[in-house]
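Common to both upcoming complexes is chain A, partnered first by chain B, then by chain C.
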Partner chain A sequence: MPIEIPKDKWPGSIRTVTIGATSAEGGTRAKTVTVGGGTTMPYLHFEAPTPNKPAIAIEIKSRKPEDWSPLLAEVWGAAMADPAQWAKKAEEAGADLLVLALTVEDSPEDAVKAVKSVLGATGLPLIVWGPGQAEKDNELLVAVAEAAKGERLVLGICEDKNYRTIVATAMANGHLVQARAPMDVNLSKQLNILISDMGMPKDRILMDPTTGALGYGMEYGYSVMERLRLAALQGDAMTQFPMIVTPGFEAWKTKEAKVGEGIPEAWGDWKARAIHWETLTALALVESGADIVVLRHPESVKRVKDAIGELVVA
Partner chain B sequence: MNHSLTFTHDEKQASVTVPTNTLLADAARLAGIDIGQPCGGQGRCGRCAVQVTEGQVRRRSTLRLSEADVAQGYALACQTVVEGDAAIYVPPQEKIERRLTTDRVVAEVTVPEDYEYPFSQTVRRVHLTLTPPSMDDQTDDWARLQTAFRLQRRFETVTCSLPLLRTIGSTLRAGDWNVTAIVEISRPSDHQTIRLIDLRPGHEDEYSPLWGAAIDIGTTTVTLWLVDLVTGQVKAQVAEYNGQIARGEDVISRIIYASKNGGADELRQRVLDTINELLERACKRVKLPQGKVTPDQIVKATIAGNTTMMHLFLGIPAASIRLSPFIPAVNHPPALTGREVGLNVNPEAAVDCLPGVASYVGADITAGVLSSGLDSAENVTLFLDVGTNGETVLGNRDWLVTCACSAGPAFEGAGVVNGMRATTGAIEEVWINSDTLEPTYRVIGGGKPKGICGSGLIALLSEAFLTGVIDKGGNVKLDAPSPRVREGAHGGEYVVAWGKETESGEDIVLTRVDIDNLLRAKAAIYAGFTVLAENVGIPLESVDKVLVGGSFGKYINVEKAVQIGLLPDMEWSRFEFLGNTSVKGAYLALLDWRKRERISEIAKRMTYIELSADNSFYEAFTSALFLPHTDLNKFPSVAEALEKSNS
Partner chain C sequence: MALSGIQIYKLLPQTNCKECGFPTCLAFAMKLAAKQVELGACPYVSEESKKQLAESAAPPIRLVTLKADGNEVKVGNEVVMYRHEKTFYNKPGLFLRVKASDPDLAKKVTQADAYKVNYVGMDFSLNGYAIEADGDLTAAVKTVREVTKRPLILISNDAAALDSSLSLLAGETALIYAASESNYESLAEVAKKHKAVLAVKADTLDALADLTQKIQTKGVEDMVLDLGGKNLGDWLMRSTQVRRLALKNFRPLGYPVIFFAAQNGVEKEAVYAAQAIAKYAGFVVIDTFAPEMIYPLLVLRENLYTDPQKPIQVQPGVYEINSPKPESPVLVTTNFSITYFAVANEVEGSGLPAWLVVTDAEGMSVLTAWAAGKFDAERIAKAIKGFNVADKVSKKRLVLPGHVAVLSGEVEEELPGWEVRVGPREAVDLPAFMKQALN
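For the complex of A and B:
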């Protein structure tokens, strides 16, 4: 007897968002990245195909980070001191797009210079994060947004207490924004409403539901993402934005990834473990509906990319 | 086409000729009469109501006026245009204020119609004339007094404390064996057992006052009514912040403080100091033809308050209230005396602590249910106490369910930089002009403002939201074009009154932190009643009436309260504002033993629902932590108002 697989038909869908602009579109990117567009829960191919596969971003910094794991320093080497070099290596490592994280030490001129050099070094679309202090974020991102007008950068990170300046400059200069809320469906939705209320076009918002690493609250983040996706499919317009999450940042601050000495032998090889940690965190989040995962280690990028390939083809 | 209009204002007349479709407000201005438009002529505030006594006008909106008012010719000057010759009366502002369909004013206290001192009251004044002792009649003083009670009043059993017993002999002799006894009837049903409260020499005037106090010990505010038990009249109403606030704003932090060494004694003393000070203040307010009232003349006190407040007041350990499974030491405290509890009333005064239901639903709510009449309502009614603990009761005469949620003291003016209680000097109403972002406010008592009370905060938050001073998340939009919007010490803030207008000379502001506190308070209350209604399967739309209690003022603008998402979006006519329902319940119980028994029945009937049992409360809370709510579909009238103010 043939078994008919029941199929859900949803009234809503995830919006399609394109990051980066080619010269024909007013920017300088060699290619653009389009994410979102899903009409079902992730990877239920018997219901509908996955219109755009999840993209992988590699995080680089405007200055050599002193607090990153030696494993990351080892693999990126001297390129870490030069954003342009680092960007090139990240592109070679298979990144679909880049995240450039600015630091508190950067002046607006430094920030603009770093962004320009990265844009010059690769043709990948770019996400730019401020250092995470409201005033500094606003100062740097306004300068960057103006200097890179028309590039369709993603500017971040907008939070409920600090979003107006970033959104305003993104709107004025043709960029997108990343809207982060602390692991709560309602809070995500509220920030999306606030940003939309300012007049930001809905195809220029990425939502960041915040996540934790494997063993550090990932399952909570997972279920929030799942619920956001369900709300979006049910037709809630303010949750229908593609999701960006930061498993690289989360995984590399865990003890398991960070520490190589004074730990139980049973934990095994440090490098293998650290990369597993980042990969598994990222993959779980991809399964729960992440559209962009931001990673740090090239090996993780390769593995996650392979896994995504299998998910989308299956 | 031109029309001639005649305005009458302040006993003067002015005429003007204007073309068809001129706004009445504009026409008035041409006639030299300035009709105030606090909201900037948007038809939001209703403060520009005038009465069209003759002629033709067209009203674009009458939302804020009742049908009866419209029938009498009332119209909003900013929403009404001229269509023919007309005569218009511009009433003084204070006449308009209470006409509006959005405003709910708490009713004046009146003595219950069924109050009859000789039957309802448990405390009585009894005149006795004793046979003096002699060599032939060797009965002792106490037995003589008991005999007199039995023979003259049929009180079979009399009890008396030792300190009072020590004074009996001298009092009997000082009055030459004529005495006035103040007694408490211990069991009103049998009328035979009494407790002696006071014995005074001679026969007092039968109708002179006998003093009682109804007290509500709120987490934030303590309210006290001084009552003449003979007439039942409230002679003074006073209130003050609970002195315990200095040791924590909510019940949980108070319980924690009480568990520390000496903490319980300190908290008990702090609330006693507050009440004793209020007793003094209330007594001073009463003017008698001769003599004066002092707290020691108070012979009965009825006390309402949440379970924690009751424990701390009585010095009973409260720790178990906050620990699972959340069991209080006492829900129904026994009958007590002034001496035992430490109040500066008559030491033998009857102190009646009303019964509660559970750790988080106390006597303030059982008393509130009684005074609100919810327990006898025919249709499903929602009772909200907009106080620090956000208690909610849903039900009717057949069933009652209740819950509590920690809302914090913001609506009582505490935890807000320029917040204050609803007394003289408090800004109780605010309107913001949408074009200029300039505010218009009203101050209780009419003088210079000292701060903002609960109803003022509700109005201010709503106005700031609708006029775009703040966004839906409560962030002050620092790019708003007004000097009143500025960066303060705690983030963005809005200046309601400049220093030159205020009592203290300092600016009165609403800060980002205040807004957060208000948002949390309103979200907790909204989440409380929505989850409660969901739990019992009652859709909010089917609630017939919403009774709002709270000690944040004499008035609430229900439209504003809906706009910030504190109250559910339903017709304004379904809301009633009852003020402090807890002290009112205590007052009713103070007067009438049948009402007191009714409160005990209510306490037994209420079903308590623990909100922390699952995630639904937190979910409802975070979704309500927005203006008016994350799901705007739940607030269609606000969506409409927003659209209007954006256009």
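For the complex of A and C:
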């Protein structure tokens, strides 16, 4: 008996956003990354193909982080002290693009230097995060935006408390922004409206709905992402931006990933567990509609990449 | 599909005799549609109507229960595509596949059966075992049954071997894997005889639907579907299609789904199992007993199957950790389960005594509650006073979570006589803090 498969027909779709600019486009990137464009819930090829596969970013820092898990220090080694070297290794590990996270210790000159050295070391598109303190973020990101004019960087992280300066400098210098709201469909929407109202072109916004790690609130982010994607497909213009989430940052904060001693035997081997923690958090978010996942461990990158490969060409 | 009041009315006697306690058959039908009364209240419903009404009330995805001596796994009965629409109800059973030919069978199952992991106060373990009949199935079932009381899946095409194996499992409900076009008649017979659940397998959903209907006519009601599929993406589509069809009351595919996570290699097992958990599987079978993989899978399952409307919470109150004494410190946190256990486990593990005051923050994490105004100086003071903490201690010293350091001034004002300290941001750092800073 031939079954008629019910298909959803949606009026809306996710916008297409391109990160990075090649020399022909006014930048210096060897390649660009395009995400978004989806017209169905994730990977339902019987309704429509997935136009752009989700991208994997690897997070590196401008200075050697002292609070990262020893497992990450082990795998990145000395490169962690040098953003350019770290960027190269991340590219070798299979990153589609990079996140460079600046720190509070950086001066604007340090920040610009770190960004330039990363841009010089690889041809990958780049996302740059401020350290997460409003004033410092603005100070560093403005300097970076100007110094890397035309590169189509993504500048982050814009939140409702602090987005104006970042959006203004991104607009003036041809960059994109990452708009983060705390796990709430309406707050995401509202921030996107505020940013668009400043005149930011809609193909230069990435939406970050915030996520938690597996076991630490991930399911809230998971559902908010499904709801945002549904809203976008239903035609709500202010939710139609590709989504970027940070499972690496979240997973590597957890005790399961960070700690190797004095933990229950039932948690099993530390390294294998930590990688599962990051991989499964990321996979769940990819299933719920993430367009960019930011990861930290090369092995997780490999596994998530593999999974994405199978999801997009079913 | 549930029937409307009018549709139900058409199936009633329409005599308005009032014996059901309602003035008219229509009034009774409306109450039935709203599920506020039982059909039994009307003595005059015809057998035919009863059957139709029962069918319309049946869940779109059949509830399937595997049973062993004291252990049960219930799957199915789901009603939504996305958890935010309501919730996912019955967590997929996680089964470990073992081989009948394995000389270490008893040892392997014993080890896996002892596995238990605690996540926010709940103990999780594997749900059962799938025995692959690559050797003597009956002997393997005997061996396994001696070391575990959990439900079993028997993987075999051999009706005779299944028959004798199931005879050993009297009083249980096991799952037979799997009936296909070529063997369904003999397997259906065995399933029927032993009241076992029958897994059904075909290459396409069309063929699968045909097969479940044929098997149903053989008298087997409890089935489970193997959807085939060559990789993650392919399986995701099939699973989504089956859930959609089932929710639209397409009965031939209204059964739970079984998924073998290691089908494309053990290196992909964790990711395959994770997708299956998220995307509608009822049974997930893994090949590797690895705590470092099983723990995150069990947590993922728990996370996705919690009711999105109700965060998991603990009772507010004063919790005594490691037999605190009057001079022990007072730690303050919220009543979100994840938060409470993160803190309680650290303190407990450190061996250091403490009073842990859990405030009523409506089940929210520290920062969420703080941002929502459910964890402020006033609430903290109320908890300290309400739980009479001052009577328990000789040293009035309390420690706030590092994330809400900003509250310390206000808490001092609300609680005169108390020394307010700011602890570390993450619970992992609490033991060190307690050792160094609280002496």
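Quick note on the criterion: the second predicted complex is superposed on the first by the 314 of 314 C-alpha atoms of A that agree within 3 Å, B and C clash if a C-alpha of one lies under 4 Å from a C-alpha of the other, contacts with A are read in each partner's own complex, and residues count from 1 in each chain.
Keep in mind that, in the parts below, a residue touches a chain if its C-beta (ideal position, glycine included) is under 8 Å from a C-beta of that chain, and two chains touch if they have at least 3 such contacts.
This one's a predicted model, so the numbers in the text were calculated from it and none came from an experiment.
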Answer with clash or fit: chain B and chain C placed together on chain A by superposition. fit
For A:Ile193, select first, second, both or neither according to whether it touches chain B, chain C, the two together, or no partner. first
Now for A:Ala90: first (chain B), second (chain C), both, or neither, which partner does it touch? neither
Scan A:Tyr43 for contacts with chain B and chain C and give back first, second, both or neither. second
Just chain B (first), just chain C (second), both, or neither: which does A:Asp184 touch? first
By the touch definition at the top of the document, which applies to A:Arg273: first (chain B), second (chain C), both, or neither? second
More residues of chain A are touched by which partner: chain B or chain C? C
Contacts for A:Val313 in the overlay, against chain B (first) and chain C (second): which applies, first, second, both or neither? second
Based on the superposed arrangement, let me know which partner A:Arg164 touches: chain B (first), chain C (second), both, or neither? first
How many Å separate the nearest C-alpha atoms of chain B and chain C in the overlaid structures? 6
Do chain B and chain C touch any of the same residues on chain A, and if so, which? none
Where on chain A is chain C touching in the complex? 1-3, 5-6, 41, 43-46, 182, 214-220, 222-223, 226-227, 230, 253, 255-256, 258-259, 262, 264-270, 272-273, 276-277, 279-280, 283-284, 287-288, 303, 306-307, 310-314
Chain A residues touching chain B - in the complex, by the definition given at the top: 160-161, 164, 168, 184, 186-187, 189-191, 193-194, 197
Per the touch rule above, chain B residues touching chain A in the complex are 471-473, 475, 477-479, 491, 619, 622-623, 625-626, 630
In the complex with chain A, residue positions of chain C that touch it: 82-84, 115-119, 205-206, 209-210, 213, 231-234, 236-237, 240-241, 244-245, 248, 250, 252-253, 268, 270-271, 274-275, 278-279, 290-297, 299-300, 303-304, 306, 308, 338, 342, 349, 365, 371, 426-428
